[in-house]
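The structures considered in this document are given below.
After this come two complexes, each holding subunit A, first together with subunit B and then together with subunit C.
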Partner chain A sequence: MHTFETFTNNILEIKDLSLNFKGNNPDTLILNHLSFSIREGEILGLIGNSGCGKSMTALSITGLLKSDAQIKSGSIIFNNQDLLKLNDKEKRAIRGKEIGMIFQEPYTALDPLMNIYHNLEEVLIEHETLSKTERHDLIVKMLDRVGFTNSEEILNRFPHELSGGQRQRVLIAGAALLKPKLLIADEPTSSLDTVTSCSIMKLIKSLCDELNMSVLFISHDLSTVGNFCDRVLVMRTGEIVDSGSSFDILFNPKDAYTADLLTKSKFDPKVLNLTFNTPDKDAEPVIKVSNLCAGYMDRKGFKRVYKNILEDISFNMLPGEVVGLIGSSGCGKTTLTRALSGLINPKSGTISTPAGRLAVVFQDPGTCLNPSYSVYWHLAEAIRAAKINMTKEELKAKATDTLVSVGLEPMHLDRYPSQLSGGQRQRVAIAMCLMLNPAIIIADEPLSSLDTTSGARILSILSSINREFNTSILLISHNLRIVKATTSRVLVMNEGKIVESGNTQDVLTNPQSDTTKELLDAEITLHKNFSTDRLAIE
Partner chain B sequence: MNSRKYNKTYFIVGALFLGIIVLSFILSLFGVGGDPETTSSATKLLAPSSSHIMGTDNLGRDLFARVLSASKYTLFISITGVLVSLTLGTIIGILAGYYGGWIDRVLMLLSNTIMCFPGILLALVAVAVWGPSLFNVIWALGIVFSPSFARVYRTEVIKVKNKEYILNAKILGVSSLRIMAIHIFPNVFTQIIPAVVIGLANMTLFESAMSYLGLGVQPPKASYGKILADAQSYIRVAPWLVIFPAIMLVIYILGLYFISEGIRGDQ
Partner chain C sequence: MKARVSYILSKLLEFILTLLLVSLLTFAAFSIIPGDTASAILGPDATPEQLAILREKLGLNVPLYQRYLSWLGGAFTGNLGESTAFGVPVSELIASRLPVTLGLSAIALVIVIVIAYPSAILSSRKPGKTLDQVFSVFGHISFAIPQFVLSLIVILLCSTVFNYFQVGKYVEPSKDFLAYINCLLLPAFCVSVPKIAMTFKFLRASILAEKGSDYVRTSKSRGLSDIKIMFKHILPNSTVSVITALSVVLADLLGGSLVVEQVFNLPGLGRLLIQAISRRDFPLLSGIVFYLATMMVILYFVTDILISIVDPRIKMGEGGQ
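Right, the complex of A and B next:
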């Protein structure tokens, strides 16, 4: 019955693989006697939260482990040879040619000083003996294949001149150039928006069919992967806890942990206890934005020119209201956040916040806290910045209370950002906002860098803040499931304008603008079988 | 884990080397080795022996006593010189990097102008105008070296100032001065440590060159560089005059280098 029974040969077989870092407790293995295989031509999904060992598995296969990682036992059989027993030269011959890899962050994976042609040519020079024209033709053909319509032009561009999605396409083209038997994709879509993710996933799938390539697809998002993979493995603390066809995993999870991940990635309001205040329609708005235009100075050659990003933005938010803002990358969401929070001055139009303070929670948990200071310092700094007089004891008590309200322990007060996980850092950033009892919190993609479990936790915390303090929340996201689960009203942005707004349910069931339709299409392709009941579409 | 141990070794070796210099500084304070400035025609250019363990120079002064006392001036000039240029460089670099725009352009124009001239020439002119004294040497070298620190700071500040924690501080209403001093400074300071070490070493070498030209430490006082410069004419007849201060100079600069490697590896 299952589709995967039609695959016969294993292309890669991992047997009893154990790995640990030097100096770690020898009982807590990073990879704990891991065994699985990838069949010829299949797409295998490897799912798990941050730190579960999924990237370590990928690095073990490609032989790119850092020197402090030690393989304790096991073997990785690829093409009848044990990859772990090869020397560096033999590994290099296989890497790129037989096993390709693409990474999460497409920007850092391309050399910024080389144009796209030279970036792609490197791999051909290393592994093939081709003439210059043959290399050129092969690269152009592959760029056409991954969906560029202006391949010749793209060749001369530099990585910074391409968007995130285009860069990821270039990387896929680079990985596919040598027609590897196995492609390892480590979270290739996590830093991309829904529309781009969807097209990248489709591309990988079609390349896989065409070149008869196997894919190991690593992700933290079970729901996204389900539709694209033939089989799915669920990983937790270095062990595989569940495996099966993606249909089985999505609909009849055998393991409790899989079921939990599945529930959380649905962002079901009832399960996560996401209930929000109903705003009073007649109340005075907490923020009024009218005819806002804003942008920044940009360099064009040697000239400095003003680049307008936001055009004629107008909206209001009521006290306690939760509003979603959706749109693809580059639509001006970040510029809007900066204009609202006063980081850039508007060119024209007004922003008024009669009810008081506005706070922002940023996207990147890696840089949201100052690495030189403890959590307590961060919370105290918010009070100092607002010039509120408090005794040391009051401050300590308030900091402890606030930290507890975002689900952290008082002991975390003395921790430094490097000692916290991404989700914990994001919660400290929320606690910093809460110290000042803001009237509005702007949350700019707060979940996009977090795994499902931490993301669900952040949403619950935001909803409890809304209930308890009647704080308005502007939730910026490209994830329609999250917006659907949390917001009552939604604004859709495209190219710096608000193209559609209204009741979330109405907008998502009966979209009027092309932008919304496009976002919904991508959402349906990514999550069909999965979120139809949530979005009431299709 | 392995790499950390390696860096610790670097740090310990560096600390031992610097310890030798600091020890000789302390010994000189207690007058060990006798008076470094007493000349005697009876003991000219003696080779190392039990009574003069490093030998004597052309004026019959005990080289051991002179090397010990030279550590005092070398340490003093290089450390205070670096402190002066670090303070100036920090202020200029952070202001330029943080504000950008015309403030950046004016400040960087100033430091680039200083950098255009050969540093030693500028320092010489300054000392020639204000007269050769220990404090003028320090001021002159401090100003000449400050642009190199300012540049490192400016680059680091530009990298950090758009991080989300700095944006958040601005949104919270923290004043610009406080953002620069409390939020940015601790995050860029560690990056300057290698530059400080190179600065100390360069400062020592510059000071030697200036002493050689008679515009640095004034005789009969001596720094390592001054002793080396004085010994140049006797290098064939009395090589110990070069060897011992040179060894001390190498120990000092290597010690600094090892310590910077040790610190950098632990980050």
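Right, the complex of A and C next:
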């Protein structure tokens, strides 16, 4: 960890930066007289909920703001020049060469038609005059540096042939190729699982040390900053409300908002009022899965072959029981959801739900709702699809009640998905499940695309549903803190098999399988100072 | 590479099966409709005896499957029978009309690409602004204007104002290639106008969608200029979705244009088709229909292969995701 004395010069200085969108109320600024600086070689965390202006700050620095965003005042001094006063050409000369940037979605951030070499080569062609061999060597060296052992082979691969973590490494390689003075990392790990996130964060940190690069690390997750950032700024509605060393922010928050964010990202069951029903051990299970095998048809040349994903999965869930399912990306969690919800047919084995319906809340609320229909239509669709006879009035009353039970107002019935925030959309998705009074809700990473505050809210709603309706919940997540806060029993999956299961506390304190150990290691590294005490039994 | 070969082979198999099915449907359609070639030749006054003799002569008495097999054999060796109306082999008739239709299609396709691409690029620079709106209005007019009206306007303009283009004449490519192109240019333009509008709309939407994509943002963050990003990333990616649209355009063009060929007095396939229908020339009609269907199937086969070459994500056997 750097000490404050290490940083002498400011690499970037933002003074009095104000920004608004064209046509917006001039009094509600998106960035409100923002001032902060980044010191040479430090990792500065910029934390805040969705819409607080953190990405706008990053885009202002790189000059990538959309045309409807207008800078109202201020300056961004980088290398003794005001970035806001540069023309297009001068800005482009800095982008990629002196300021590198990586983004949230590694899956779509590379051109799908180009192989990795061509995807990376463009930054060198743009800023340097190097021969083809020099470019090739530089790229291979950088790919080696970001952790590939088969860089020559990776060069010829296409983006779709790489995993999310590998793609993020490629993007980091691209951003670091010209050894920029500043790297802006906008939520670089939010769409990756814990193990991958941990390795990406370690990589960014080691590159920062090695190249003496400063990093502006943008995230909504306060818990990750502890072990990786030297300083943290907390942002809210376009203003910086708190700042300090990561230790101070984590253990001594000065501002009430920071303290609130901190509490929420700890997912403390007591604070969030996460109490759950105690299931009756002798009751008939609501779902019985035995020896389930499932997968997909895949093509191999002319032949169509069956690709098995799930192998011999067996588990039961009791009425009112909340079970966690953890594992890294690609372990088969999503295939299991699809098999349980009947979207794919099992190859062998049985799934029985004697107690009634099963409903699913999917990961991305943004794409789960049909943008052309209102919230009411979505809620009514569940009833229509199940062919339940209801009068218009009954339907309206039911929809209103359900919406209220997920913490939304009756007025939201007429809203369209685009008029709702991510957290509100996820609540609509949960309400759609509730319309049919399901016995079990499968929640597949319901929090992963939401910020801390919205995520905590969703957890509270799930727990109140469990208490009120005695609904069983299968919570699929790669976030161990969430699983620990909400579930009494946990299943650990790896390569399509359940490798460990048992009481959540026992499994997380005394892991038996390598998968669980790996997940725990990553969790502890990622959230050191923050969660080591959290994972211990209280 | 192995994956690509096996992908192409599987597409080829699909292609052959589709072609067989097309031939079966074509043959069946013309065998099932009431009235056969014999009655078409002899007219309504023919006696049953005369009909019987002619049917015997034309081989219409043999079982349907045998006739299909011999027709199929003929179709694949270029022998589609003899036209009852013209008295010459169907394949010869079609072959004589092909230079017009193929030339017209090729020139029209070039015009479509040459006009639609730059307009879509310019129009998508600032969506909703004046230039975009001007292009949009032109697009709507091109869609809406009936082809014969457009053809007449073009003929009027070119025969009275500019006297460079030949109208109403046709020169065979073997005699004078430049004159051949010259007499096809105006009709090709008339045929292409609605296709330009369609391709433009498709491409513009596709470019705008790609502009907002994450990899474009990545390239911007690396300092690439908008023009470089357009040509390096956006256009190739938009073209993947536009290839299918272009193949539909080309398929339509290859069918010959009934209206434009008529107005410009060109001996193309469209006119031949009208003649075959009006004279109830079944061998010719089935020959043209089979040719058209075959063209479509070939075109879609080529499109599939083309897309698989451009887009590495297309599943190719083991290489797939």
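We take it that the second predicted complex is superposed on the first by the 528 of 538 C-alpha atoms of A that agree within 3 Å, B and C clash if a C-alpha of one lies under 4 Å from a C-alpha of the other, contacts with A are read in each partner's own complex, and residues count from 1 in each chain.
Quick note on the criterion: contacts are C-beta pairs under 8 Å (C-beta built on N, C-alpha and C of every residue); 3 or more make two chains touch, one makes a residue touch a chain.
All figures in this text were calculated on a predicted structure; none of them were measured in a lab.
Applying the stated clash criterion after superposition on subunit A shows that subunit B and subunit C collide.
Look at A:Ala256: by the touch rule set out above, it reaches neither subunit B nor subunit C. Of the two partner chains placed around the shared chain by superposition, subunit C is the only one that A:Leu110 touches, whereas subunit B remains out of contact. Of the two partner chains placed by superposition, only subunit B is touched by A:Ala386; subunit C is not. By the touch criterion defined above, A:Ala429 reaches subunit B but does not reach subunit C.
When both complexes are overlaid on chain A, the residue A:Val305 reaches neither subunit B nor subunit C. Once chain A of one complex is fitted onto chain A of the other, the partner contacts of A:Arg92 are limited to subunit C, with no touch recorded for subunit B. In the superposition on chain A, A:Ala283 contacts neither subunit B nor subunit C.
In the superposition on chain A, A:Ala397 makes contact with neither subunit B nor subunit C.
Note on the chain A alignment: of 135-143, 171-179 or 279-287, the part of subunit C that runs into subunit B is 135-143. Interface of subunit A with subunit B (complex): residues 21-23, 67-68, 338, 341-343, 358-360, 362-364, 367-373, 381-382, 384-386, 429, 432, 436. Residue ranges on subunit A touching subunit C, taken from their complex, read 62, 64, 88, 92-97, 100-101, 103, 105, 108-115, 119, 122-123, 126-127, 158, 160-161, 171, 174-175, 298-302. Listed in rising order, the residues of subunit B touching subunit A in the complex are 1-3, 163-174, 183, 186-187. Across the complex, subunit C meets subunit A through its residues 2-3, 6, 9-10, 213-215, 217-225, 228, 232-233, 236-237, 240, 310-313, 315, 317-318, 320-321.
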